[in-house]
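Each of the next two complexes has chain A plus one other chain: chain B in the first, chain C in the second.
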Partner chain A sequence: MVLSVAESAFIYDSLVSSHPSRPDSRKPTQYRPLKANCGFLPNSNGSSRIYNPDGTECISSVKAKVIRSNNISDLINVEINIFGEKDNTTLCQHLTTLIKESLNDSFDFNALKLTDKYYFQLYIDISILYLPEDFRYSSYTFYSILSLISMGVYLALKSAKLPLLVSDKKDFEVEEEPTFSDDWEVSSYLIPRDSISTFQPALVFIVGIAGNTVIIDPSLEEEHVLEHGVCVTWSNSKITTPIQSLALSTSNNKAIKPNLVIKSMDLVEQVAGDVINALNTISEQEIDEFDVVF
Partner chain B sequence: MNTVDRRRRLGPSNAIPLSFPSVESNSDIENTSVSSFNEQKLFIQLSNIPTATGSSFLQLGNNLLLASVYGPRPSFKRTFNSKAVLKITFHSSPFLSSRQTESTFNNNNNNNNNNHLNSDIDPEYQIVNSVILSTLETACSNLILLDQYPKSSIDIFVNLINTDKSTKFIELLSLIHTAVNLALIDSGISVKNFPSSIVSSSSSSSSSSSSSSSQIFINSIHSDIYDNDDEKDLQNEELLTFYIPKSTNNNTNIKSTLKDSIDDAIKQSRALRSELSQFCYNKL
Partner chain C sequence: MSIISITTPVSKNSEIENFSKDDEDESMYDDAIDGVLKKPEKKYIGIDNRSIVTPGELITEDATWMRGHGTYYLDEHTYSSVAGMISKVNKLLSVTPFKGRYRPETGDHIVGRVIGISNKRWKVELGAEHAGVLMLGAVNLPGGVLRRKSDNDELQMRAILKEGDLLNCEVQSTFSDGSASLHTRSLKYGKLRNGMFLKVNSSLIVRTKNHMHDLPGGVSIILGVNGYCWIFKTKNNVENKINAATGKAESEMKAASSSKGYSVGMGSLSITRLEEESSWEIYSDKNDIISANIKETISRYRSCLVALSFCEIAIDVKRLVKAYEISLGYGDVNSLVSEDIKKSIGEDLINSEKMRG
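Right, the complex of A and B next:
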């Protein structure tokens, strides 16, 4: 979005004032409305579609493959495809790295363990279908979509189902490949839903900083005037790594005061519980016909 | 050597064969240099590339780095840029056989062979290009007064010539930032303040610093405001960029220790900065 000097100065001043007000009159902890659906791709184990009111849309799919390996670092593969961007740009690679790191950090790999020898390997494919035209040819870096991507991955993982193993679990001595039941009715969720002790995949939050104000989920207008961005990862009800500073746009960059890093983490701690609850509710809605989604 | 060397494959009769000194075993190197990473001597050479506006060469142990800054050069794009466009390229030498640089993109698309090669590397030691580039972009765009150079572009090249297995990725990251910072200072391009970057490990048990604690990388400058009280003055530091990688100890709450580790990092960063600025001052 191209803002005039006066416009951006107005937005900036209202953000950094002692009673910060955002252009769309949200609270600092408030998200823009999001729409999301789960489990609509028939060919993948889990999937999600999530979109912002500004039109940014993200489709994620989780596919599982059986491999014979005990190398845990291989088990999660992430690929991000952004419409109109080459795959080898810093942006794509860095988003991939951040998502992969956050998942590897939080994942309970026992959920992927199939038998003594075999594991499920997850392929997470993420596609950003549309970015607003304002993003292009402007000072925006795309890092703010990380939050959307991460929510999409969370939903896809929560909705992922794995087939029931019918062969023996203890196959260490036996030379046989695992076999599965054909019946998808007996399949189980990758991340079990009933018990409280199960792990949650990581969520990455993007926090914008201007002056002494920290805001969650910055909109396009806000990103234009923000001085700094911070990505904070949240998993299993605490803040984890990776935590990193990111420039959300190049128009008004400034360095960040150390106490604001702490402040942005406080903000994430405030909102994270609600976001997780909301996402869990979405993922537990059953979709019978995939027409409903579109 | 009883056989007659008729074809002179071994060279002239009085030739002495090349002999390489045997490489020391890995475990010894790791133990010594991990603990003494911060105490090692840093070798710096500035303006070693005559065609570049500014350049720096760094050596710390086996780590060799070359950073160069070109510009501000006129940009002949059709669109009007009210401020300079930054372009940063990171290149690691192809013969860095001891470490593999990770390219996430290739890794994903590739078959298992590549994965198996990468798998035996501890993630703490793996060089992740995307993290290097994104932190460099953030730091430089926050540091350089880009407004002063409209319709121009500034190119920064970083070349990692050598490294070794005992240097953690995050330590390498701070070295890379130091090299870029010095090259920028050398170039005379307007920057906000003298930057310095450091890796600080906040460890509850500092004796085994490599194994226990969470680390934080910061690249920071002093803000325009100064305070006579040293403790209060810590708040006047501004972070150009920071990065907290995966900690070895998952149980600690990062947030509780973060305040102290940032303060600690800022103190170290200032100590380094005073030395670096002294060095640059002497060069004038």
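Right, the complex of A and C next:
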């Protein structure tokens, strides 16, 4: 989508004015309505599907495997597949590393520890099923989908269940492979739901900057006129790394002022609580039929 | 008001199922099952009064019908290729689809976006199967003098309209493949400024005599027949004059610098209205100064349009104004983003129309 000069000037002027107004009349802190549910893939430990009104849709699944290793850095594997994009492009690789590193930083690896020798290894597969046509052949970069991806991963991890271990936990001296209970009723959540041992996987927020205005969840039209984008990570109730500047579109980029980075972090602090609550509500809903999702 | 709303998607089937379970009793269910079990008999047009067909459905076995749009012919049988209503004119049989891409018809008032420039023509995206064509000869040239288009004009087509520009125009003629030739040879057509663009499904726009309307609140709208809508600040003639003076001078300067020696109509005294209004100013990219109030009204109208299209209610100006009035009752403009409110605006609108009868 290429906007006309008059059109983008109108949007830009509304964004940078003293009372910023967005083209779809959202507040600077307001998200577009999202649809999501989770736990619908029968052959994975956890799964989620999330999409927004412009059609961008993200499906993620979490699968767990038992490995004999204590190298914590390779316990989480992430793979991102974007519709119409090759796996080895810099974009895919950048998104993959970003998600993986942010998860590694925020994860409580005790949740994955099985016995003294064995760990659960997680394979997180993310698939972007559809992108709006306007994305192609235009000045947009794909970074704005990062926020949707990370919400999808969050939901999938939240809904992931692990089978109950029936063999002995202390196997340091005995040569025994772990065995599990067949009964899924006694399985436990990967991320415990009680308030003591629970933790939040990292959530990435995309903030758009135009003039002195910072907005959350920029839409395509807004990205066209935005001067800058920042991604801010939030986990365990505080802002963490990576905080990165991203070009959301190549049409109107300018340098970024340091105080705007602080401002966008404040914005994330404002909205993060609500986003986490909304996601948690979704992940706690039980799905009884698998095909209800579609 | 909450910052984020995430809901689980509701499949439309389950809603219908629940509905029918409430309304029908057991015996009707049995009937329905019997209906499924029985082999459906072939139905013929003219005998059956059902006029809604689905893709691949047999319309008639009678070979005397002429086959129009939306049908195909196999073994002397005519089938529907789209989901829609059967329409018959004399012996011509066609199916009008419920949804689908816009199909241009001569005389349609539409909004389009320039996507390319080639030999003496602009390619214009209309949301149809093919891009429309706007010939250089079919626009008002700056200067307003009616004259032959010269090579010089051809070289500066980008000064008039460039890629990405929105324009409102009329379909002059259509070609056999469904593509359209456009023209803007009237003062009400031309480049669009001072507003916001929105795309809705073209089947939702009601064809009327006039597609450009002034709405309450100092805002005007062009409801393009192709579903492209433009909401903008109503042109104010007094204000326009002042802007014209500055805008004209500026844009002429720009045009002069971009092409040396182009002088037709530049700085000359205008005699007719055509000359006056079709100066370089009509192709200016600069927006007028728009107050925050007007901007809010524009975005409220936009949200109302989104709500109407969300509820799949056919859009005309009366409904839009009504929806706007209803939306004022929901308070702040950013509350209109939520789906529940969109839905209830649609319901309120339908109820109020029922009340009026």
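Please note the rule applied: the second predicted complex is superposed on the first by the 292 of 294 C-alpha atoms of A that agree within 3 Å, B and C clash if a C-alpha of one lies under 4 Å from a C-alpha of the other, contacts with A are read in each partner's own complex, and residues count from 1 in each chain.
Operating definition for what follows: a residue touches a chain if its C-beta (ideal position, glycine included) is under 8 Å from a C-beta of that chain, and two chains touch if they have at least 3 such contacts.
Every value quoted in this text rests on a predicted model; they were computed, and no experiment measured them.
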item	value
Chain B versus chain C as contact partner of A:I256, first or second or both or neither	first
Touching partner for A:S127 - first (chain B), second (chain C), both, neither	neither
First (chain B), second (chain C), both or neither touched by A:P242	first
First (chain B), second (chain C), both or neither touched by A:N77	first
Which superposed partner A:I282 touches (first chain B, second chain C, both, neither)	second
Contacts of A:T97 with chain B and chain C, given as first, second, both or neither	first
Interface residues, chain B side, partner chain A - complex	79, 83, 86, 103-105, 107-109, 112, 115-116, 118-119, 123, 128-131, 133-135, 137-138, 141-143, 146, 192, 214, 220-221, 223, 234-235, 237-247, 250, 253-255, 258-259, 262-263, 266
Complex interface listing, chain A residues touching chain C	2-7, 9-11, 13-14, 17, 19, 21-27, 29-37, 50, 216, 271, 274-275, 278-279, 281-282, 285, 292-294
Chain B contact footprint on chain A (complex, rising order)	67, 71, 73-74, 77-79, 87-88, 90, 92-94, 96-97, 100-101, 104-105, 137, 228, 238-247, 250, 253-259, 261-262, 265, 269
Touching residues (chain side chain C, partner chain A) in the complex	2-9, 11, 14, 113, 115, 163-166, 191-197, 285-287, 290, 292, 295-296, 299-300, 302-303, 306, 333-334, 336-339
